[in-house]
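Okay, so chain A shows up in both of these, paired with chain B first and chain C after.
Here is the complex of A and B:
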């Protein structure tokens, strides 16, 4: 087993004992990134020169839990002097002149950036198939997708190229690909990590988070990148939050709940197949594990109509915000410039040529939602649903420590054209519930919980705002009661 | 009712166009989307709720000091444009 296959905490121990070196770890990570690129397409850019520069300057970095640890970064985070495309043709040559705050923090802690990863174009999508450099494959089975939008960041960790990566999560863009890839995906409380330098998709729901192969590693990474940032006024002082130090606290007596309507077999009579059956059986098993750990777990009922409105509410708010956030993509300040005799034609042609079909369809939907005649019925009602759901969850989090649910209702889909019924309960309830955590800014984590048809599945755990310590503590204990910690696709585990 | 002409108008308002076949795909997609959107409006008592635009109330917002800070150099500002002249981004004449 290579040292690169270990978790961050284990690699750090090996580095401290001089069993391996930062140089050999970095070299191996870059070799793997190149070797797997044709099979997985995880990267837009492998940043070999940057890694070499960081290695050359590493002596001046003071020691930290991430010093010398290679990592990958979603290509919608600004990196000074390094191509940053958001996997879109309209930004295919864009080179930022500043770093995102989390990139600076990781640089100062000595983490080595080895590559920028493929995403769904402009982070708008859940499949990892719409990036301008092609679809990202699932390392457990390359005929299947890994999910998105943080697709390359998920596949880079799941395949063992790097022990951690950074992603962004607006609806479930970290937590769903983490589930499909059999790894840990964590989205902290809104404002715990600065969004400065992250390309905005839907600002009121965008979060920065990470992929790792253990919950402890997610704590280590987030402790390194969190903090108040004067460049993001939504960040808060979190100096009293120490995720790593509280990861092993006693969890006996903690109270969990799950939402009955999301796991009730009666709701899926028309949609039931062996896959869903196995996922629900797995969830029952996890509930037992939680009880064995000394936690209580109770069933809570929520109006099914409200739950079925989660996905359309997410689509409405995100598409509306995205149309506005992406209005700066004109081809004028950053290329490629469109043809035309006047400034309007230039912008029109740049956007027509630069956006892919899927993005345009989402923008048209956003435009439709924001038409004066639709605002009340769609945009404002979506905001009202958001409040109803967040208020309900906030009330529940006063009584319970966390919510636990299956992360998705299926394993990673194949690349064949989707035939899923987008009006079915399975799609609207179990497949898309994780946006709840984006509505309210709740911390939320997905950890692997088993396999169905040789593909990984996961559970999702969510807590109240700023309860990140408790969330990771609970997730860590559940992870330790299972056997999937540190697993790599095709690896020894 | 949603028509191709309406969709084209929505697209053009956001300053882009689509191919004919793409509008056809979008029209079909709208059939499903509109049914999903109905789920938003069918919640009892929805009109009495104040729309939420942000995840939670920020508790420690403070105004920055009113200091004049140069955050971007001319070279940086011009570094990603396809057409520049001297210290400026070049565009066709705006005022006729």
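Here is the complex of A and C:
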């Protein structure tokens, strides 16, 4: 057994007791990253030199729960002097000259960056298959994908390369790959963690979050990176929030709810298969566990049509914002310069060459959605649906402590695209409901809850704005009632 | 002319702040390209805008100065378009809720008051500046992200004189409120002109032609006049005006077509998600209101009504707030307004304009002027002497009293002293004195001249003349 296989909290104890050293942990993490690279393709860059530099300077870092802990970072976070590609050809040689706020915070806490991870190109996508360096594979079964867009960050933690990684979540880009990878994925309240340095996808829904192998570890990591940032006007003062300290509070009497329409078998008569059946059975089991923990759990009904509108609403808003946010990628100031006789041609050619077809399709959609004649019908209506959903949830969070649901309606899919019917109820309801948390900026966490066909599945718990302490507290208690804490793909489970 | 001209102006003015609109990069004039920049101005991946509260306050102040209605909350929008001078690919501006709407200002056009209606005023960021050469272009990002206030008038202007009067008044407001240095020579104030001609009496406006980015007021005037002539000639010959964007070339004094405007470009505006809208509180409004000084138009009217100055004098005195405050201080210290106005408008402004300094940097302070005018009023010095003393004060940086003393310039106002000199002169020219005829003045002039000569010009000429007349009269009556 390696100390690297443990959780952050456990590794820290071992470090303090001198059972292992920071240097050997880092070396092993880099070795694993290299060893697994061919099989999993988790990394765009393995940052060995950076890790060495950080190790050399570690003495000057004040002790912290993350001091000496190796981690991986999604390649859409700006890192000074380290290649940052967003897994897109348009940024394939881009080396930033400034750090994202969360990168600085982790550096100051002594966490060791060992690699930049693969994502769906520009974080747009949910499969982890569209990065410019190729698809990321699921460590539980390399024939399956791990989901995205934070694919490499998920596989790096699920495979035991690092005990934690940083990702970004605009629709469910942390929480879905966490589910497919059998690990914890947590997206805090909007504004708890600074987005400065995160390459923007859809600013109103982008969140910085983490992957870990325990809920406690998610609390530790988030406590280290949260805080008001003068470089991000949407951050808030959270000095009164301490996730780690409140993780073991008593949860007796806490009130949970789930949305009837999302887990009602009657809604999936056409889509029902053994996989979905098992997922729903697992959810019933989790409900029982929650009751055994002294919580109540109630069924809440929400208009099915509103729920089915979540995915189209998400696509509409995110494509529109993405089109604008990525307009800086012209090759004029940074990135590969396009050929051409005039400035417009140069920009045109840089973008034509730099983006994949999939991305161009999203930009065309986004542009169409924002056009004057379509704005009212598409963009503004999507905003109204978003508002309806958020208002409904906000009302519910006044009555209930949290919402609990199956994280997805399937196990990690194979690489064959035809497996997914994007107009099915199963896809529209159970596969994409987690964007609710992005609409409202609600804190939301996915934890592993079992296995179907030898692939991990998970549950998602979401709470009201700034209720992160309570959310992690509940998630921690449920995790403790289950047996998947700390699990690693190919490990003893 | 058979046509009625209708003009709307869009005036961009850079706001004076320590840092840029959405980044901490310095906002000051820099001759060296690409030094006042940060990753935010250049739109590198991962950057976020931070709204500059100093600029926000100044925008609210300007909205108040233009009598605009303020929104409840401060909102920013994105205006999306591709151009190399726009690093992010979008400009952060205000579209849905500008900082001010439905305002107006009154301006003097010659001696008539004209109300210019303001459609809106909004806060945004400037773009980079581009220099085009034969085979390449250079980009300077120093200007990218500089806070910019755009003032949009209603199409309510009907001549180049009105346009110019408005631009001048607007510039004065920027200066009065210290919102901007509004220097056209540094491109801090730029103007787009929309102009259309319609048959006199027509109820609909003619086809609009836009002229972009005119960088001086005299060019605005010339461009408008050229366009009026060009469009009139076209209409006279039965041709149609094309909706288009034109460029004014100040070397030829003509306008040239840049592009035909098929329809308005779609900028795909939407609310900037990275700047949460924030409330413009009553407290903030009251705080900012305190900062709003009495502006030029009100001051002109006050000077005319309360101080009985001419429009001309009042206008000159109020051109900048420092001069107006100087004038008002002098008045407060008891000087008659017309005399104060006369001194300031001729002597003091003449001097500071020549030296290209601000009135506050002039060593001749209000106390000095009050003192100097006091000496004239008390007949200590003549007006002519006062003028010399004024320049000596400036040259030697001394108080008027010192200059008077050092140069022995006090007038002889003592009647007895003057009288004894007069008697002396009369005795020396007794024949002439006896031939004095009160109906003819030349004899008196001669004696005044002689008295001034003997006193080396220090006798008060008015007193001297009165006394001479008296003495000569006595003499001829005696005979």
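We adopt the following convention: the second predicted complex is superposed on the first by the 491 of 493 C-alpha atoms of A that agree within 3 Å, B and C clash if a C-alpha of one lies under 4 Å from a C-alpha of the other, contacts with A are read in each partner's own complex, and residues count from 1 in each chain.
Assume contacts are C-beta pairs under 8 Å (C-beta built on N, C-alpha and C of every residue); 3 or more make two chains touch, one makes a residue touch a chain.
Since the model is a prediction, treat every value here as computed from it, not as a measurement.
Residue contacts after overlaying the shared chain place A:387 against chain B, while chain C stays out of touching range. Of the two partner chains, chain B and chain C are each touched by A:334.
Touch criterion met: A:200 reaches chain C, while chain B stays clear of it.
In the superposed model, A:86 makes contact with chain C only, not with chain B.
In the superposition on chain A, A:367 makes contact with both chain B and chain C.
In the superposed model, A:344 lies in contact with both chain B and chain C. Annotation for chain A, partner touching more residues between chain B and chain C: B. In the superposed pair of complexes, A:439 makes contact with chain B only, with no contact to chain C.
When the shared chain is aligned, no partner comes close enough to touch A:268: not chain B, not chain C.
In the superposition on chain A, A:320 contacts chain C only, with no contact to chain B.
Common to the chain B and chain C contact sets on chain A are residues 94, 97-98, 204, 230, 233-234, 323, 327, 330, 332-334, 343-344, 347, 367, 371. Note for the complex: chain B touches chain A at residues 2, 7, 10-11, 13-18, 22, 25-26, 29, 32-33, 35-37, 39-43, 46-47, 49-56, 58-61, 64, 72, 76-77, 79-83, 89, 91-94.
Chain A makes touch with chain B in their complex at residues 93-95, 97-98, 190-191, 204-205, 230, 233-234, 236-237, 303, 305-306, 308-309, 311-313, 315-316, 323, 327, 330-337, 340-344, 346-348, 351-352, 355, 357, 360-361, 363-368, 371, 377-378, 380-388, 390, 422-423, 428, 438-441, 465.
Within the complex, the chain C residues that touch chain A are 39, 42-51, 78, 80, 82-84, 87-90, 137, 139, 266, 268, 270, 273-276. Those residues of chain A whose C-beta lies close enough to touch chain C in the complex are 76-78, 84, 86, 91, 94, 96-98, 100, 195-200, 203-204, 230-234, 320-321, 323-324, 326-330, 332-334, 343-344, 347, 367, 370-372, 375, 379.
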